[in-house]
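Presented sequentially are two complexes of subunit A, the first with subunit B as partner and the second with subunit C.
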Partner chain A sequence: MSAIIVTTVLGIIILYLGLTKNKTILAPAAIAGLLVTLFLSAKEWGSGIGYYHNMVIFDNFSIAFNVSMITITILIFLFGIDYYKRMEFHVAEQYSLMIFALVGAFLMTSFSNLIMLFLGIEILSIPLYVLAGGKKFSFKSNEASFKYFMLGSFATAVFLFGIALVYGASATFYLPEIKTYIAQFHGDLPPMLLVGLLFIVIGVSFKVAVAPFHFWSPDVYEGSPTLVTAFMATVVKTAGFAAFYRLLGMGLLPLPVPLEKALWVMTGLSLLIGNLVALRQGNFKRLLAYSSIAHTGFIMLAMLSQHSTSASVILYYTFVYSLATVPLFIIFILVKRASNGLDQLSAFQGLYKKAPWLAVFMTILLMSMAGIPPTAGFMAKYQVFVLSISQGFLAISIFAILMAVVGIYYYFNVVREVFTDRDHLQDLVITRINAGLIIVCGIAVVAMGIFAWNLPI
Partner chain B sequence: MIVLIILLIPFITGLLLLLVRNAVAVKRAALASSVVNFLLTFSLVFTVPVSGYTANWINFLGVEFALGYDGISLVMLLLTGLLFPFIIMTGMKRDQPQVSLLYALILFTQAALIGVFLAQNAFLFYVFWELTLIPLYFILLLWGGECRRNVTFKFFIYTLTGSLFLLFGIIFLYHLTPGMHTTDFSVFSKLNIPAGTQVWLFWVLFIAFAIKMPVFPFHTWQPSTYTIAPTQGVMILAGVMTKMGIYGALRFLFPIIPLGVVYWQNTVIILSLIGVIYASVIAFRQTNIIRLIAFSSMAHISLMVAAMFVLNYYALQGLLFQVLSHGVTIVALFYIVMLIEEKTATLQLPQMGGIKLQAPNMAILFLMVVLGSVALPLTAGFVGEFLIITGLFHQSIWFALFGGITMILGAIYMLYAYQRVMLGDKKPALGTITDLSRHDYFLLIPLITIIFGLGIYPQPVFDLVEASVKSMQDLLLPLAGSLPALPQ
Partner chain C sequence: MKDITSAIQIIPLNNYIVLSMALFSIGLMGVLFRRNIIAILMCLELMFNSANLLLTAFSAYHSDPTGQVFVFFIMIVAAAEVAVGLSIVVMMKRNVESVDINLLNHLKW
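Presenting the complex of A and B:
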């Protein structure tokens, strides 16, 4: 709870610091504040206190996800030091909007009441609509913002409608009570309740971009400022999955059959569409957008396996995925700057020649995304498959493995570009902080692969 | 403990090499490390009892870092240990760009290969199995020839596809283990999986190995990859990597799913024999000498796969012997091919000829290697292939007949190629050709000595693998029915 208060206050402080017109203090102040939040969150480990009549409960699950999201946000802010150097105005607003979004993310990991979930999603989303339009004079950025806002509000409406229907049937917003209510029907749910649950699931699916509710994500990823894209691909995704898991785990398990079928179809579609469409992408950000839809499919697989370790696997997967995604976006920005704003895959050509160490780290990160040992991405996928095969989902596991091959294909397409000879990256500039970030993330990805962990959450 | 040292030497040397700038020092250090490694591996032959190493690793997944070996892995380890000094020596007197990275990658490949052969549980095996691919991928990508980007890409995706099925199989087996799940080979082999499951699980596991070896029809990556690969890369690929496929099949299929093996036995033998004939015929039509050797290697490997699946004592002995003999021969062959390319600047057979006139010594050594490759009596190739054909004969006379055709076809295309390269009149387009240098002798003479030495006195190798072959035989004997009794 103290984490939420501190973070909210931090956002306001950063907003006021913006008045000083001194950009250099913003990122350090924000990071210092986040470190405090990190500490306060971690301190509550094991206490499991509920607030506001248990509408939010800070149990180990939510703390683990909060810590993971704060860590990733710190990484993104460190990247922000260089990223926002060229921006003249409204830098403070960018930071504080991200901090406010983080508050929403905290609520999404700790709710036990549907109203709190709704609040969390809205607090997370509204800053993002603004952030997506951060490049005011860029057509694509405006498009991204507008699209995200329109589709996002539509999804929110569906989501609210679902809550209303469920409330109409069960007369409660509390997940445990909804669970008892569902249980009395023994799988044969009344239509109103079923439609309500389906709408709620669709609303959350939209946030994490599960196919077929993914159409916004490639355009929004491409148009948004890269730092915001990195934030969306990592923190927002993690929060979405935490909420999704909590929704299922706390309220809906064992899943009603129609709902489970719908979720399986969504999983299969995410794997299929994400991977196959990613094959055809020439734009790096769109590639990562589609590949993130594919990763969504893998995480859904872990979630639907409904095992006691699912939560830990999802935490590991999202954290590892975020840890590789952030530095990849950093490298992309560096390369894009050096090649006059080229955002195609061919921008990476000649990277090996210009900066061999960067090429090596990029390869490690892409290996992790593709799931090749000894990186953490492999351990994440391995654990997902262990889960899904343990529950006897052999056919979909084989399908997911085939899709993983496709994933390797397009990630190594990028590696191939990196190791192609060309001389166009002459003015590649890498600041010390960015270099440090890339190296730390690269080493962390390998270390977490060799020393894989699971948390009892 | 000694196995851990064997695994770490190449890895640590490789890391250190990255810091060294001096090309000569890099190569010497790499060579020294590989020689030390070979000596240590060789000492394992005399180490009684078997030395192993086990440490806790990922407890919640039931994975230990367990290293160990038996007769079969020892053959593979000896082969790896033996070939890498030669592979490294190949580059000794040659100018190569980015030397420290190249040799670091070569040593990383070696470490990963050793890891594959030492791993005592399937998870560790899989990790090392994948790790062999990464450094090799970069060796091919950065030092390869024309069209390397697309060819290496195909190679990479091809082999990874197989590996991922293997991964599925491993996780599936993992869940069958009783109690606290584990991936230990020893537990896997006591599973008693229902026959119906074994039948489909066979292909899930086998496909990874079939691609690595390669078995017809999974071979399409091989010729183009061999053609673009730098000599050292192709030596690793043909000399050791193919054996890794054989090793994997021996380790996974026979002890764990014996019923599946028996069920698919004839299918795989027939596929391999098709591969034998197919590769031989295509080899005969090649004008590029590397492609010729690639297909000839495929023919030999296919014969070895057939031998593996007839499930009898002779064939298994022959197979393991042939693993050593083929590895040594193919490295020598590729070395000579590299020499020819350096001296004539071409790989096309029609453009060569009469090299013997100017380089008689090279012609003689080349002939010796070719004879080893076509399995002439008194060479190692003969011992291996003779045993294999004997084994095939016990299964079916037709198998023996078609298997035997490799030896004939092999002799035809290899000697024909030899004739076109070395004999006849010298083509005017070729410039003056220098004979072997002292460095070449250092490399070729030991290899040829091994080829003939093992051909004349093969017993030590048989003694080495005796126990493992017997245990495998005991396992499969009740299943296969009409196997010949062990010679007493």
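Presenting the complex of A and C:
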């Protein structure tokens, strides 16, 4: 709880620090504040205290996800030092909006009441609508912002209607009470409750971009400023999956049969659409957007396996995915600058000649995304498959493994471009802090794959 | 509070459900088929408010105030959201001099 309060205050402080017109203190102040939050969050480990009549409960699950999200946000802010150097105005707002979004993410990992889930989703989303439109004079950014806003609000409205229907049936917003209410029907639910649950699941699926509800994500990823895209692809996705898992685990398990069927269809579609459409993407940000839809499918697979280790596997998967995605976006920013704003895959041509070490680290990160040993991405996928096969979902696991193989193709498309011999990158400027962070992330991705692949929750 | 609750209960619950379903569907169709951004924003509000109506009616019928408190939360969040939405529309209007959604076709596939 203290983490939420400190983060909110931190956001306001950063907002006011913007009045000093001194850009250089913003990132260090924000990072220092987030380190305090990290400490406060980690301190509550094992206590499992509930606040406000148990509307939010900080158990180990939520603390683990919070720590992971704070770490990724710190990483993004460190990259932000260089990214926002060229921006003249409103830098403080960018940082504080991300911090406010993080507060929403905290609520999404720790709710036990549908009201808190709704508030968490909204506190996360509203700053992001603004952040997506960060480049005020770029029409693409306007369009991304508007699309995100419209489809996000649309999803929220559907989600709210679902909550209203579930409330009508069960007369409560508390997930444990909803669970006991559902259990009394022994799988034969009244239609109003079933429609309500389906609407709630659709609303959350929109936020994490599961396949039939994914169509906003490539457009929004492409149009938004790249650092914001990195934030959306990592922190928001982690928060969304934490919320999804908590929703299912606290309120809906064992899943009603029609709902379970719907979720399995969504899993299969995410794997299929994510991987197949990514094959024909020329734009790097869209490629990562579709790859993130594909990753969504794998995480859904872990989630639907419904085992006690699912939470740990999801945490590991999302963290490792975030750790590889953020530096990839940063390398893309650097290359895009050096090639006069080209955002196609061909922008990477000649990277190997210009900066060999960067090309090597980029290959490692892409290997992790594709799931090739010894990187952490492989261990994440391996754990998902072990989990789903041990729970007896053989057919979809084989399908997912096939799709993972398809995934290797488009990731290595990028690697091929990196090692293509052409000299069109004029002046690739890599600041010392960016270089250091990319190296740290690359090493961390390998190290986590070898040593730390069993996270405790 | 007591007489409001009993006033709500004069009308059968099914009528509330049908009315809010109808409002929700109108809003949904509006979001899908209107081409003016302002109209889309209004339709989104309609969808939010249909959920509000449903929550209020259920709350009165269950004699449980939580639903009505939740309505306040929804109203505040919807206000915040529409403030952001309108500012996005203003930003777009400055760039393209129009509020037609068909202009938003630069990002596809």
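In this section, the second predicted complex is superposed on the first by the 453 of 457 C-alpha atoms of A that agree within 3 Å, B and C clash if a C-alpha of one lies under 4 Å from a C-alpha of the other, contacts with A are read in each partner's own complex, and residues count from 1 in each chain.
The rule is simple: a contact is a pair of C-beta atoms (placed from the backbone, for glycine too) under 8 Å apart; a residue touches a chain by one contact, two chains touch by 3 or more.
Note that the structure is predicted; figures quoted are calculated from it, not measured.
Undergrad: Go through the superposed model and pick first if A:T109 touches only subunit B, second if only subunit C, both, or neither.
TA: neither
Undergrad: Given the touch rule stated above, what does A:A452 touch, subunit B (first), subunit C (second), both, or neither?
TA: Touch status of A:A452: first partner only.
Undergrad: Between subunit B (first) and subunit C (second), which does A:T73 come into contact with in this model arrangement: first, second, both, or neither?
TA: neither
Undergrad: Looking at A:A171 after the superposition, I want to know if it touches subunit B, subunit C, both of them or none. Which is it: first, second, both, neither?
TA: Only subunit C is touched by A:A171; subunit B is not.
Undergrad: Hey, is it subunit B or subunit C that touches more of subunit A?
TA: C
Undergrad: Report for A:V130: first if it touches subunit B alone, second if subunit C alone, otherwise both or neither.
TA: After superposing on A, A:V130 lies in contact with subunit C but is clear of subunit B.
Undergrad: Scan A:S292 for contacts with subunit B and subunit C and give back first, second, both or neither.
TA: neither
Undergrad: Touching subunit A in the complex: which residues of subunit B?
TA: 58, 60-61, 126-127, 130-131, 134, 138, 141-142, 149, 153, 156-157, 160-161, 164-165, 167-168, 171-172, 174-175
Undergrad: Looking at the complex, which residues from subunit A come into contact with subunit B?
TA: 367, 372-374, 378, 382-383, 385-386, 389-390, 394, 397-398, 401-402, 404-405, 408-409, 412-413, 416, 419-420, 451-452, 454
Undergrad: Where on subunit A does subunit C make contact in their complex?
TA: Those in contact with subunit C are residues 115, 118-119, 122, 126, 129-130, 133, 136-137, 139-140, 142-147, 149-150, 153-154, 156-158, 160-161, 163-165, 167-168, 171-173, 192, 218-219, 222-223, 286.
Undergrad: Considering the complex alone, what residue numbers of subunit C touch subunit A?
TA: 17, 20, 24, 27, 31, 37, 40, 44, 47-48, 50-51, 54-55, 58-59, 62, 64, 66-67, 70, 73-74, 77, 80-81, 84-85, 87-89, 91-92, 95-96, 104, 106-109
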